[in-house]
Each structure stands twice: as structure tokens, then as C-alpha cells.
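Right after this note come the structures.
Below are two complexes that have chain A in common, paired first with chain B and then with chain C.
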Partner chain A sequence: MSAAQEGPSLLRLGDRVALLTNRRAVTVCLVLAVVALATVLVTLTIGDLGVPLTELPTVLAGGGSRAQEWVVLTNRLPRLAVGLGAGAAFGVAGAIFQSVTRNPPGSPDVIGLGAGAAAGAAAAGLVWPGVVPVPAGALVGAFVAILAVWVGSGRGFAAPYRMVVTGIAVGAMALAFVQLAILRATREDAQVVAAWLNGSLGSRGWSDAATVAVALVVLLPLALALSRRLQLVEMGDDAATGLGVDAGRTRTLAVVVAVLLTGAAVAVCGPVAFVALTAPQIARRLTRSSGPGMVAAAVTGATLLVLADLLAQRLPFGVQYPVGIVTAGLGGVYLAFLLVREWRRGAV
Partner chain B sequence: MTPTTTAAGPGSGATGPGVTGPAAAPLRAERVTLAYDRTDVVHDLSVTIPRASFTVIIGPNGCGKSTLLRALARTLRPRTGEVLLDGEPLTRLRSRDVARRLALLPQSPLAPEAITVGDLVARGRYPHQGLLRQWSAADAVAVADAMHATEVTELRDRLVSTLSGGQRQRVWLAMALAQQTDLLLLDEPTTFLDIAHQFEVMDLCARLHEEGRTLVAVLHDLNQAARYATHLVAMKDGRVVAEGTPAEVVTPERIAEIFDLACRVVEDPETGTPMVIPARRPVR
Partner chain C sequence: MSTLDAPPSARAPHVTGVRGSRARSWGLAAGLLGAVALVAVACALSVTVGSKAVPLGDVWGALVAPDDSYASVVVASRLPRTVLGILVGAALAVAGAVIQGITRNPLGDPGLLGVNAGAAASVVFVTAVAGAGAGRSVWAAVPGALLAAGAVYAIGSGGRGPTPVRLVLAGAAVTAALVALVEAISLANPTVFDSYRVWAVGSLAGRDAGATARILPFVVGGLLVALALSRALNALALGDEAATSLGLRAGRTRLVGGFAAALLTAASVAAVGPVAFVGLAVPHVVRAFTGSDHRWLLPYCALLGPVLVLGSDVVGRVIARPGELMVGAVTAFVGAPFLIAAVRRGRAGL
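Entry: the complex of A and B
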């Protein structure tokens, strides 16, 4: 027989390693990386305090004026690093959740994970201050939320639709808890927490960047290792089992990875809305891929968040807005579009 | 094309001399109790799939035939009892190793969005691949062979979502074939297909059987089952009530017992296999 042996595109490293890749996805990731880099450069150079592009290498090498050094190295660069890292973490977490729930609206934002992390942070910061650090509270909150979803859906993570519905309920309860915490708090504390709850990259330092970087270094390889199995689980538990994949274990592992990523990202910049929802969807459409493309989702998320933050800083109303307000505004439109599409598909 | 209608009991067929009886069976359920949540669907059932047979499980709705198939394919874990693959309990084998010996076509798998036929069939190679070695020349050959056997090679670059039901079923079969297993389990492979596509899929299954594979299928259509099967397993209320060649199982008495249906059994004029003609009933 004459088989056209063209086969898939591969990334080869020696004889032992042959990774399946998608040429289009590689191109898309490179283009997005360029967009992200351009955004970084614009962010560093824009405005009264911005450093001209020509002087940037000198400042980065430590040869700028004190003011320039403060703007670039202390203020804007860590903020960008946190934005890129948290955006990537949100993107991957969203890709995992949308794959597990087989449902675009089944992202961490919609399913109550962001709200859970926020409630955890509010508990740690306002209700019982000093017991655990706020980031740890966010992580605990995310895990409590996902546990509630797991219990509430009755069949764990095996029933995607129930997961989404339960998640919406859990998210609502978590937000109620946040409101309660804010009402009980002093005015100053409440304002700080309220600002954080919008999701903001304002005044973030290198330690925040390090937090999210460590999370990515540990968790991104895990997500990559799980992505092929997740692809197969998307075809249904029986089909996955037939191919030798334990669907339940894959889901649980993937959810743990996604919760940790979300927790890390929320800890450093608050529950920035809808990046986790939109990034994987945009990535899937751009790459036309048939599975959760972890790298593409990460790059898209990173690009989206720094772009949105640039927009938030430059909105023409004289005030600097938290980035979460921009993503919530844009993402809300996108969520509505998604829901209408899903609804139409169900109705036809 | 016509399957053999001579007796092909357990142990006969491809097994060597002295290796007869249930121990030589490629797949065997031993006193399994199968349940969803808390309701037992199948209770204390034992069944042996003869090597190189085309075994078809029949029975009325809710008799547990799909449940039994799911247990044989390890997508449902028995509450008690064991399923043995070549004599080894499935629970003691790694799922990936099982997937190199036993493939499953589930009742309604979900085609991922925006996937091409070639990519979907290639997913059947997963159990043969590694974390870092995700593709090899052997994979390419297996995928090409599977697509050739199911005649979907020309569809390679089409999106699965644009295919007709019959084409789509052939693509899923190709994915299962790409696993290169001796055992192939099919859960109602002809449901939702029109009659021409039903026979197209059944002919394909018969050919796969003739090439030496052991096939186990759940079918609704008795006449198709009788025409294509070499071994029939008839179930009712979670028990096996009859087992044997179509000629042994498809008799008026047995059909009346299994389905509560009065009927005549005639010879299929095309194949000589038994064919069920339901008795005329007074119109209410």
C-alpha cells in the first residue's frame, strides 16, 4: 500500500526525544512573544517617567540615573514580570480547567476558584489577620473552593456540567464572604483589600515576581506532561480508558496543578478577571489546535495581562485603574459571546 | 465474508494443542458483579470470549450487555469477581499495557473540536508512545494501515466534525485499529447509522475478524448479530441465558424466552444464517 508518510510535525532532540508539535502553534507563540516583548518595551518607555529606548540598555546594565533606575528596575520591570508570570499561570490554569470540564465557560473564574482565592485572602488579611500570610490564605481559599465544587457536584470532577453549575454557586458564596469581611473591616484595610480584589499589578516587587516564577517553573512542566492525557480525556472517559489513560487520576492531578497555578497568580496580583477564561480560548482559535495547548495558553495569557495593564495605566481618565477592571470589562463581553454561542449550539 | 456457522466453542480456533478450555481464552469474566452506584446490573456472571471469535452480546434493553462490555474493557470495575486478559486479572495490569492488547470503540466518544481525521486516528498510538518519544516510524505505519483498512485515507485532512455518521464511525474504528491489538471491543457500533452504513461497519468488522482478531460487540439488531457473529452471548436480567453459535442461540424458543417475542426463525436467504421474523400480532 502506498501510505503518504508525511506524519505530524515533531521536535526532535537526538534519538530518544520526539515531541509532537503543531507548526501553526509554534508560529503563533513566536508572534505573541514578539507582541509581549513590544508591550514590555512600550511600558518601560512610555510616559513622563519612561526611559527612552536608546537609554534602556544602559539603565538595565545599572548605568542610569537614580530616577531612571527606580522607574525601570524597582517600579516597572517587576510589575511587568509579575504580569507576564501571572498571565501565563492564569492561561495554563484556564486551559486545564476548560479541558477538564470540556466546556469553555468552565474556567477558574467562572467556577469559583478566583473567588475562593479572594475569600481566602480576605480571611487571612481581614478576618483573622496575622494567622497566615495573605498569599497562603489565597491558596487555601482556592483549595477550599475546589473541594466544595468536588463535594457539591456529587460525582467529583467526572461530571463537567455539574462542576460548572456547582462552581458558580461556590463562587457566589465566596464573594458573599468577601463582602462580609470588607464590611467588618476598618475603612483603610477594606480599601486595600478591595483594591487587591479587583486584581492589580500596581506596586508589585521582585519578591512577587519570584513567587509566580517558582510556581511556573515547578508546575508548567507538570501541565505539559499532563496535556496529552488531558487531550485523550476530552474524548470521554471510556475512550481515554481504552487508550490506557486513567481519566479520574488525570483530572485530579490536572486540577491540583491548575489550583496551585491560580493560587500563585491570585496571591501576587489578586483575582484578575477572565484572563484564565479568554487566554486558552484565544490560543485555541489562533493555533487551531484540537487540545489544551499549554504553551500557547501561557504565552497568550502573559501577553494579554501585560497588554491590559498597559491599557489600564494609560486610560484617558487621569486615574490609574487596576488591571482587573480592564480585563473584567473586556472579558465580560467575551464571556457573553461564549455563552450565547454555547446556548445557540444547544438550541439548534 | 460469510462468517463460519460451524461450532466454534471455547478453546477451539487459534489456540495450540493442549491449551484448550477457559484458560486459553483471551478474555474472560469470572463471577463478576457489576453495578452503577448501588444498583446491581449484573450479578455473579461468568463468560468466556473464545479466541479468534466474533462474539456478539445480545439481549433486551437494560439486560446489562453494555455493562458487561464495559467491564470487559475495564471502563467499569467489577464490584466483585474478576476479568482476566490472557489469564491475568485486569486489575493487576497497567492500563497502558492493556491498551496495547485490547482496544475499545465506546458507544459515543466525543470528537474534539477542530481535529482532523489523521490526528484523531494518530491518537490510537498513545499506548505505544512515551512522554518524550511521542512519535516513531512504527506509529506512522500503524496509522496509515488503520486508515487504509477502514478506507478513510482520503479523508485524512478533513475535519472530523464535517464527516457523515458512517464516515465518523469508520474513523473511530481506525483509531482503535491503530492501537494494533488482537482484541477489539465495540459497544453498539451501528447505533445511529442508517442501514447501508450499518452493514458497511459490520462488513468491516467481519473483515477485521477474518484477519485474525478477536472481536466482541454489543448489537441491538438480532439479524445482524446472527449474520456476523461466530459466537453469541444472550443476556437477560443481568444473566447469561444462552451461549453458542447463532444456529444454537437464535431459535424461536430461545428468542421467546430472552425477548418475550413470539417469532419464526427462517434461513437468511443471503447467508444461510438464522433470521428472526416476529409473529404477526393483532392490531390494538
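Entry: the complex of A and C
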């Protein structure tokens, strides 16, 4: 394969829009999409209640038995849709944060954004039920958390590791607040919240899928539009300014987009840990690209979350685990490896 | 020398003359008495305040001549909790100070550095395998605490020696993985679920009567080892080379100190669950007036740790009436800002 084919090329959409793509990135995204699709098909067909692959088109067209329709259309499909959407949202949010902080650990789940969104959602759902919709609560919580991290760390994005440590403190306080909120709840509500706090795709409905879909439709184009400027900002504020990009404004806009994405995703499936951390890292490695790679991060995040959910439901312990337990376990180990590798290279 | 290599004690260990240092010693000794008084106040609050207040006079009556009056019943239930709070507070605060000393890391805390999670995972594992009775023993918590401490230290050093941020991040990674393991075991095992839910965040409430007696030897032992190490910790604060030239075996001090901290943490986790930020906050407050001489730092921590834990427990009982906010959640509220403060003051080398 010649060097010219490997390099970036322009993908033209009409006269005005052109996306800078690279062949490898496109291939990786397509392969990941196939993996995601395969995961979706396995999830729909697996188990006693699963629908055989041959009958799937009929059921999807509305011609299956009542039980089959319930399993596929009411139970598993919305769950998958939420998983794909939330995974993509986490992935893009992580890509933005890692680009802005120029650091893998500077991702939203490490700096307390997920916990903040969870606290906001818990406050909306338990302390003032019915007054504030839960997704709005999650958004407010995520914004309060990022503000607290920003103000607390004192130097903003210029000092990513300060942000990370401050974020750990903010996250701990947010989770303590969730405990307080749970005390105010009825026993049933408290159990629901406790399960949701792990990050779970259990009993999701089409309305949840719609929430995250709306967020993605609005925010993903914004993230894409910011992607190239973020790549310039990664080179340093002076270099970016020299190329005509307002570094400060780009960062602020990008962080707002990332916080909104995180809030939307947490609102529908809880603070699923480490998808935002791992997806952009894996995407970067697979595509071997240097920029934030929004599309690749989104596809990787979506694939990771539905894969992890399939794994969580099928672990051989007789229990259906919330997906967040699987991602936290695997993601924690991955973070440890990532840290060791970064430190070997002397990045800290 | 960059800020992160500078030990906290390098600032002003012995700048005052002999007379000044003697006066300072008297002042610190008097302060120690004041700390004892604070512990007494915290104990009094812990026994009297709650969903039903009991006047101090009735408490005294219930103590000297227990009968079946209401006050006696309440005091009998709150007294073990108070004693447990004292032990756990002392254990965690001293563990934090020792960890900060041996890693020369102002962000040292058993919760932040994954030792709590390791102890909790090991308790849950033993409970799942050998039943709830075996899981209550401190020995169930010790292996996990040691393993997690070792893992975090190894990941955080990455071949070149640890920095505060590396250790905290390594602690976050290890904690996440271990908490996931704990949740996974507890969801699959009803016995574990019942005992784990109660102390997932760290709570002094509803502990069984034997908890205090079980952890007492471990806490006392750990505290004595830590106190015996205070001179070695002072030398270590000067840097490994200086410490070695003073005749200290730095590696051995780290090992013994780490073992004592893990033991103290394991004891407190076995009794009340993972309580975070006590080990971070208390040494930071104490250092403000003792400086970083461990001969003063550690005794003050042993006294003010209980004040923080008992105080947090009382606050937890008051703010969420008629429910109770777990003590671990209150200490997170109180202690997490100290982490931010340490970062802002540049203590973490950031």
C-alpha cells in the first residue's frame, strides 16, 4: 500500500462540507461498526428468550408472537439503543476531554464528571421528585462538577494533573451527596438508585434512547466541527493562535459539548465507568491518528458499551450484572496499564 | 530540588534555638491535653446527640448505675459506637500520616491509595468463601490491604519512584477495579450482600458488639509500631540519601511503616467499612501547628482522628433525621476539600 493511500484525504459531502478523513480511520470505524452490529445480533438472539436469527426480520417487522415482540421490541432493542447512544456520547466526551487536557487520565469519569451528573440526577429524582426532570438534573450536576473542578484546581486546563486530583476530590464529594439523597428516598427508590449508580442498561425504554439520541444529533456535529480546531489547540495555545484559532474559546466550547454529552449519557444509564477513558484511547491506537478522532471514539465507545453489557449479562455467575461493574473492573485494570506505560515514557 | 522532592519537614524542622524549642515542646504538650479534652467533648456529643437526645446527667447515671430506663438503653447502644469511633479515627489518621511519611507524599490516605478498597475486597472475598463469621475477623482484611498497598506503590512508582499524583491515580485505578470486584461478588452472594451493604460507605451504626474487642489489639499494635517509627520517619523526610547517611535503613522503614499502615487500615475496614479522607485531612490540620516532626504529629493524629470521626458521625445523625448519613459520606464531605487545598498550595508538586 503506498504512502499516498495511507495519508489523510478529503471526503466531500456536497459543495460546502468536506471531512478530513484517513483511510485507516475509515476502515477501523467500519470494522468496529460491524463488531457492534454483530454484538447487537448476538444480544437479540442469545438465551432462552432470544429470537432465532431467521425469525428476527419478521419480529422486527411486527409479525412475531407477543412474547417475541416483548423481548425484542420492548426489552432488548431499547437497551441496545441506549447502550450504543450512551457509549458514543461517553466516547466523544472522553475524546474531547483528553484532547483539551492533553492527558489520558483527564477524562470525564476520572475527574468526577460522571459522579457529578449522578449526584444531580439523584437530587432531581429523589430530593425534588417531579420538580426537575432527571436528565436536566444530571446536566446541572455535571456542570456543577466541572465548575468545581475548574475553580478548585485553580489553573484550569493548563494543569491537567491538578484537574485530575481535584476531580477525584469533587467526585468523592458528589458520591457522598448521592448517599445523602438516597437517605431521603423511599426504600424502593433507594434500591433503584443504588443499582443505577453502578451504571446499568437494565430496564431502559425507548424514551431513554430518545433522550440520548437527541443529545447526539445536536452535539455530535458540534463536536465534529470543533475537532480540527481542537487538534490545533493540542499543539499549544501560541501555535493555535498563530493559525487563527482562539484556543480559550475552542476549549470552553468543546468542554461544554463534552459536559452535555456526559450528562445526557449518565441520565439514561448512570455513571458507567471508564468508557469515556478507554474508548478514545483504543480508537487512537487503532486508527494511529494524532487528533481527537471524534467519529472513531464514538464508534469505539458504542461498541465497547454494548459488548460490555452483553458480557455483564452472560457472566457465568448466575447473576445479571449492571454493565458498570464490568467496565469499572476492566477499565480500572486498563487505567493501571495505561499509567504504567505513560510513566515509562516519562510523560508525567 | 523540585517542589515534589521537597519533604514537608524540610521547611522548618529545628530553626528555633534550644530555649525556643523547649518552650515549643511545652506548648505542644499542653496542646496534647487540649486534644484529649476535644476527644472528651466529641465522646460526650456522640453519646448524647442522636435521633433522641439524652442529657449528659442521665448518661452519667446510666453509666454508673445502669437500669432499664430509656437513657440506659440508648447509652448502651451508643457507647460501643463511640469507642469504635475512637479506635477507627485514631487508626485511620495515623495510617494516613505514616503513608504520607513513607511515600513523602502529602496526598497519602488509605482511601485514596486503594488500601481501603483492598481491605474491603478481601473481607468480601473471605465472607463469600468462608461465611460471615470469618469475614468479621481483622485477618480477613489484612491480605487485601497489603496487596492493594503493594500494587498501588508498584504501579505508582513505575520504576522511577512514586510521585504524589502517580500514587493517587494508581490508587484510583486499583480502587475502581477492586470496588467492581466487591460489587460483583456481593451481587452474586446473598450472605455477602447483607453484610456488605451495611458498610459499603463506612458506617459506625449497627456494628456487632465484638467489633471493638476484635480490632483493639490490631489498632493498639499498629499505633505502637507507628509511634516507634516516628524518628525514622523524620529522617526519611530528609530524603533517602540523607536518611541513609544518618544510619537509617530507608527500605526497611518503608516496609515496616507500610505494614503498620495496612494493619491499621485493615482493622478499621473490618470494623466499620472503608472510610475515606480521615487519613488525609487530620495530618494536614495537625501539621499546621506541630510542623512535621512525627514525634508530635503522630500522637496528635491519634487524638484528632477520633474527634473527626466522632464529629462526622454526630453530624451524620443530625443532618439526615430521622435517617442517618453514614460516617464515611460525612468524612468525604469534610475531607475532600483538604485534597483540593493540598493541590492548590502546590504540595503535590503540580
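Operating definition for what follows: the second predicted complex is superposed on the first by the 323 of 348 C-alpha atoms of A that agree within 3 Å, B and C clash if a C-alpha of one lies under 4 Å from a C-alpha of the other, contacts with A are read in each partner's own complex, and residues count from 1 in each chain.
Everything below uses one rule, namely that contacts are C-beta pairs under 8 Å (C-beta built on N, C-alpha and C of every residue); 3 or more make two chains touch, one makes a residue touch a chain.
Bear in mind the structure is a predicted one, so any value in this text is a computation, not a measurement.
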The chain contacting more residues of chain A, comparing chain B with chain C, is C
When the two structures are overlaid on chain A, which partner does A:242 contact: first (chain B), second (chain C), both, or neither? first
* Pick one for A:102: touches chain B only (first), chain C only (second), both, or neither. => first
In the superposed arrangement, which partner chain does A:289 touch: chain B (first), chain C (second), both, or neither? first
Based on the superposed arrangement, let me know which partner A:231 touches: chain B (first), chain C (second), both, or neither?
first
Practice task
Please work out whether A:343 is in contact with chain B alone, chain C alone, both, or neither, and reply first, second, both or neither.
Solution key: second
Chain A residues touching chain B in their complex are 1, 3-5, 7-8, 10, 16-20, 102, 225, 228, 231-232, 234-239, 241-246, 284, 288-291
Listed in rising order, the residues of chain C that touch chain A in the complex are 107, 112, 155-156, 158-160, 163-166, 168-170, 172-181, 183-184, 187-188, 201, 276-277, 319-320, 323-326, 328-330, 332-333, 336-337, 339-340, 343-344, 348, 350
Note: in the complex, chain B contacts chain A through residues 70, 73-75, 94-100, 103-116, 119, 122-124, 126-127, 131-136, 139-141, 144-145, 148, 153, 156, 176, 179, 185, 187
Touching chain C in the complex, chain A uses residues 105, 110, 152-154, 159, 161-162, 164-166, 168-170, 172-173, 175-177, 179-180, 183-184, 198, 273-274, 315, 317-319, 321, 324-326, 328-329, 331-333, 335-336, 339-340, 343-344, 348
